[in-house]
Each structure stands twice: as structure tokens, then as C-alpha cells.
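One chain, chain A, appears in both complexes that follow, with chain B as partner in the first and chain C in the second.
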Partner chain A sequence: MDNLISIKGISKKYNNTFVINDVSMSIPSGRIIGLLGDNGIGKTTLLKLLGNIQQPDKGEIRIGETLVSQMNAKDIVYLLEPVNIYDWMKIKDAISFYRDFYEDFDAQKALRICREFGLDPKARITRLSKGNKEKVCLLLAFSRQAKLYLMDEPFGGIDPTLKKNIKKFILENIPVNATIIMATHLIKDLEVLFDQIIILGAGKIVYVDTDEIRETRNQSIDEYYSEVMENAADN
Partner chain B sequence: MLQTIKWESIKQFHRLKWIILGYAVLLLALTLIPADWGKEGSAASQMVLMFLSIVMMFGALGLSLYPMYNMVSDFRRKTYTMDRITGKSHIKVFLSKIIMNLAVFFLAAGIVYIGTILMDRFSTKTMNYFTYTLNKPYLTIMLEMVLLYPAIFLFSYMSASTHRFFRNHRMIGTLIGVAIISAITSYFQFSGTVYYIIGFIVGMILVIASGRMADQQFEQHIYNY
Partner chain C sequence: MDFRTNIPIYVQIATSIKEQIMSGSLRYGDKLPSVREYSLIYEVSALTIQRAISQLDLEGIIQSKKGIGSFVLGDCKDNLESRMIGQQVGEFVEKMKKMGLTDEFIISKVKESLSNG
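This part shows the complex of A and B:
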């Protein structure tokens, strides 16, 4: 499988503290990848570096052959959090906003997903429940057609029915070769989604196929994650 | 650029809609009140008119300061991310904001002008209500309120935000920056057309320089925005 992302020796620090330190890895296309780790360990920072919202202090990130720093942030789908959406916006306003700024955004598809989710496009987003706000963010993201989707804690408030069908929903709504990188704490709920996981904060970066964990080690992702973190704490 | 202007104007409308509505109601109320109402010498009517004058004054003051706030307001909001991931350059955003500042300036000028005419109807020989006097030419006030002061404020804010020490004390850094730039500009005594041309050029340079700083450096040191 072709590599979509190649990361070479990236570091990022805030106020002289390294949040990401000398990370290298290659991420293939067409995968759903779980980005796991404790709070404050650098998951969001890594997503922002991949999304060209921030630049690393050292090292380089390429998507395909192109340096991320030379790409436009809008070439990558970065899933919004509900608080990122203007509080005066109705769902239809958010859809218009996306239609105006992203050439790859399909407004008809967004309205279709909106109906499937049982949401009224005229509803004001701030008045929706937490789960429905997250659905709005999802429908905005998945109505775009990109190679890379970056998601930071996307399913915290989503109802169990959608959570159960989330893999189907995702696969139906992204291009075949697209890669999703999803930072989450909901390992148990979402582990069926992941083809690979990246664990940050275990002393080093752990990057492993979930098939290997399930078939070779006979563990769930949650069990594996706990084991890795416990070993890291012991060392 | 047109899309950026479109969404910037929608954003400004939602931010200012209650103020606009409030003033529309206030001005309408002033047209409906009989002109001799304040002239009857009733303390109550004079107090009401005085109160309305104060509302007009603070509103005009607020709207005249708003363009400066407008230039930096997005940086402290969570909604910043929604704009940022569109990949549009900050220079375009700032230029759109300058255009919005012009609209706000005309709004403020309109409110002051109409308010003065309406309040003047209630004036007596001993009592004047809301009124204004221009201490500078109209074009000078427009240049300063729409472009020059907001550009100075923005440049100071961006310089502070991207400075190692001041980025954690942004407002202090901004005020110091404003004080320094104001001191420098007050040293030069331009007037008339020369002032308009130089003021416009300096304002645009500061806006573009701020946009470059924002594009290249603003997010780089901020852990959580």
C-alpha cells in the first residue's frame, strides 16, 4: 500500500517544553488510524502539524510528494469541534460557509446526511444537543472529498446507534484511498474502526497494525493500550 | 476575496445587529416624541432626554473604538479555527475587516448625524442635548478610524502575540506598541492630502505586515487556541 504521509524527525515545543520530540513514521493511504494517548501528550498538536495549521520546529511532513508547509490548509479535512462554529450559525449557514470556501465540498450531500441524521438545516447549531452538534461537524467534514481527514475526539457525545454504525457511515462517505487519523479516548467504543493505532506518550511512538494486536497478541486494542502505557510507566 | 468579504460582513452583522436594532428603535422613538416635550421644563422629560443623550454618546464612542477591536477580535475566539482551516490568508481577512470598518464608520456617522438633528429639536436656550463638533476634517477622522488606528492596534497586537515575552501578556504588549507607534507618528506633522496619502500607505503596510506575521507565526507558539 502506498504511503500517504511521511513524517521525518519532527519536533514541536511550546514555552521550551517539547510536546512532540523527534517523531518519524510513514502512514499509508486508505487507512483509519487511531491516535491514542493521555491528555496533553501532543495528539492535538500532531493533528495540527499534519493539517498545516502549525509548523514543526524541526523535521518535515510530506503528504504524497508535497511538503505539508507548501500545501493549503484547506486541502486537508480538519474536523471542527462544535465550539469552533460561530454561535449565530444555523446548519444551513455552516453548509454555505463550507460551500463557499472548499471546492471539494458537496452541499447536496451535506443536506442529505443532515436529513439522515434527523437534523433540520434551519436549526441553530448552539441550540442542538452535544451529540447533534458533533453530527453537524461530521456532516461538514464528510461532505468533502479529500485524501486526509484529521479528527480530534470526534464522537464524545454521539448516540450509541450512530456509534455502532459509524464505520459504515465513514466508509460510505470518504474516497476509497482516503486516510483518517482520529485522536480519541474512546478506545473501547471505536476500536473496531481502526486499521492501525499510534500511541503517544509511551516513552516512544508506538505504531502498530490492529490486526497484529487482535490476531497475534489476542488482545483488544484497549487491553493493548493499557499494557503499553503500564510498561511505559514502569520504565 | 469576495467570499471572505461576504462572510466577514455576515459576521459583523451578527455581532452588531442588536446595537443597530437598538439605535433604530431609539432614533424612531426620538422622531415620535413631540419637539416641545423637553421644553416644558419638566425634570422627568429632561432626565429622559439626558439619558438618551448619554446612550447616544456611549454608542458613538463604542462604535468609534469598535474598528480597533474588530481587527483582533477573532484571535481570542474558538471560532478562529473555523476560519483558519479554510486556508485563507490573514491579509485577505484583515483587508475585509478594513472594508467592514468603513461600513461601521458610516453607521456611526449616520447615527451621530441623525441623532444630533433629532436631539436638537429638544434644545432650549439653557439646555443642549446630544450634539457633536468635528475637531478634525471629516476625511482625517475617516482615515484614522477606519484604517490608521486599527492598523496600528493590529500591528502592535500581532507583534506582541509573536514576541517571546509579550505573547503571554498580549494586551500589555499591545498597549506599549500603540504608545510607541503613536509617539513616533505624532512627531511627524502632516496635514491635508499629504497626510491622507502617507496615512493610507502606512496603514496598508501595517495591515500587510500584520497579515504576514499572523500567517507565519501566530499559531506557532500558542498551545491552545
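This part shows the complex of A and C:
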């Protein structure tokens, strides 16, 4: 499988404290990856560095051969937190906006997902519940044909019906061979979906295949995650 | 399908497809669903399905033809049956031996259980 992301020695400090400290890894295409860790540990920072919304103090990130800082934004989808999206718009305005802005955006697909979610395209985004705002983010993100999807807690306010269908929704709508990196607390709900996980904790990073954890340790991802976090707390 | 979360998912899917062959719902020469179709049926990633398919290919249960699809191989039903039985018996014997039982004792217990019915 081709290498999609090459991370070499990146570090990022806030107020003289390392949030990301000398991290290197290679991430292939065609993977669904869970990004796990406690709140405030740096999951959002890592996603923002990958999406070129922030720049590392040291090191470099390449997508394919190209430095992320020199990339066209359209190859990456960074799913913003719902509070930040275009509150003043109606859903259909947001869809038109994306269509005009991104060449790879499929407005028909966006409207289809909108219907599937039971949302009215004429609804004003500011009046939507948190869960419905998330749905708007999701339908906008997955109506693009990108190689890399970066998602920050995309299902925080989700309703139980959609929660049951998250896996199907993602699998139905992700382009072939794209990679998703998703920060989430829904480990138990999504562990079967993840090909790999990245765990951030106590200044170090674990990046591992989920089936390898099951095969070599006979553990679920949830159990493994708890163990890694306990060990990190002891050190 | 409800997966056990501490056993590799691709292994559980390969087993599920084997069971379909043994029960006859997949037959000799049948074309398997595509990776994408399986991905939606089992609600797992395309990668996990590809791993399950390669596993079955490796075991000679199906044949994957690039760009065409995967097909159930001819004599695999009989093979599968004898192999799955062999595996079950192997696991049973290993468990008994771990309990420190002698071969004679295990055999006598199996006989006793068989005659009871």
C-alpha cells in the first residue's frame, strides 16, 4: 500500500510545553485510523498540523511527495468543530459555497446525504442542534473526493439513531483508498471499524494495527487503550 | 454481525465466509461479493475485507482473480469440514493435556461420553 503521509521529527510547543515532541511516522493510504487520548493531550493540535492549519516548530510533514505547507488545501478535508461552521447560512447555501470553492465537491451527493439525514436544505444552520450541525459538517466533508480526511470528534453530539449507523455512513461515503484520521472518544462504538489507532499520552505516541493488538495480546482496543493510559500515568 | 473485540476481525470474517460455504449458502464456483459490498455487509473497512479474502485465498478455499473477483473453489467444502473438525479435536486434546490427563484417560472419557449419547 502506498505511503500517504510522512511525518519527520515534528514538535509543537505551547507556552514552553511540548504538545507534540519529536514525532515521526508514516501513514499509508486506505486506512481508517482512530486518534485516541485524553482531552487536552494534543489530538486537535496533531490534526491541525496535518491539515496545515498550524505549523510545527520543528520537523516536516509531507503528503505524498509534497510538503503539507505547499499543498493545495483541496487535497485534505479538515472537519471543523461544528461551532465554527457557517452559522449564518442555510444548509443549501453551505452546499453551494462548497461547490464553488472545491472542484472535487459533489453537490448531488451532498443533497442526497442531507435527505438521508432527514435535514431540510432550507434550514438555517444557526438554528440546528449540535448533532444536526455535526451532520452538516459530515455531509459537506464526505461530498468531497479527497485523499485524506482529518476529523476532530465528528460525533460528539450525535443522536442514537445515527450513532448506530456511523460505521455504515463512513464506509458508504469514503472514497476508495482515502485515509481517515478521526479523533474520538467513541472507542467501543468504533473499534471494529479502525484499521489502526494512534494513542497520544504523556509525551509519547503509540501507532499500531488494531488486528495486531487482537492477535498478539488477545485484547480489545478499549482494553489496550486503558492499559496504555494506566502505564503512562505510572511513569 | 457482532464481532468479538479481542479476536482479529479479518479472522472472524474469514470464519463467517467458511461457515457459509459449509452450510451451502455459498457453493462451488460462486462469485463472492466485492470488497466494497462485503465492507458494507460486515460494516468493516475495505482493508479488513481484503485481509479476510487473502486469508481464504491462502488457505485454498477461494481463488481471487485480479480485476474479476473471488470464487469458491471446487473441493473446498470437504476439505473445510475435515480441517475444521481436525482443529476442534486438536484444541480439545490440548486442553485435556494441559489438565495433566493421560492419553488413556482422555480416550476412556471420550468413549464414555459417546456411549452416553
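Going forward, the second predicted complex is superposed on the first by the 233 of 235 C-alpha atoms of A that agree within 3 Å, B and C clash if a C-alpha of one lies under 4 Å from a C-alpha of the other, contacts with A are read in each partner's own complex, and residues count from 1 in each chain.
Just so we're on the same page, contacts are C-beta pairs under 8 Å (C-beta built on N, C-alpha and C of every residue); 3 or more make two chains touch, one makes a residue touch a chain.
As the structure is a computational prediction, the values presented were derived from the model and not from experiment.
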Fit-or-clash call for chain B and chain C when the two complexes are aligned on chain A: fit
First, second, both or neither for A:Asp159, with chain B first and chain C second: neither
Partner chain in contact with A:Asp100 - chain B first, chain C second, else both or neither: first
First, second, both or neither for A:Glu60, with chain B first and chain C second: neither
Which superposed partner A:Asn218 touches (first chain B, second chain C, both, neither): second
Which of chain B and chain C A:Asp189 touches, first, second, both or neither: neither
Chain B versus chain C as contact partner of A:Glu227, first or second or both or neither: neither
Touching partner for A:Lys167 - first (chain B), second (chain C), both, neither: second
Minimum C-alpha separation between chain B and chain C after superposing on chain A, in Å: 27
Chain A residues contacted in one complex by chain B, in the other by chain C: none
In the complex, chain A residues that touch chain C: 30-32, 167-168, 171-172, 176, 191-195, 210-211, 214-215, 218-223
Contacting residues of chain A [partner chain B, same complex]: 14-15, 19, 45, 48, 51, 53-55, 72-75, 78, 80-81, 83-88, 93, 97, 100-102
Parts of chain B lying in touch with chain A, wherever the complex brings them together: 3, 6-7, 10-11, 14, 78-82, 84-88, 219-223
Of chain C, residues touching chain A in the complex: 3, 5-11, 36, 39-40, 43-48, 51
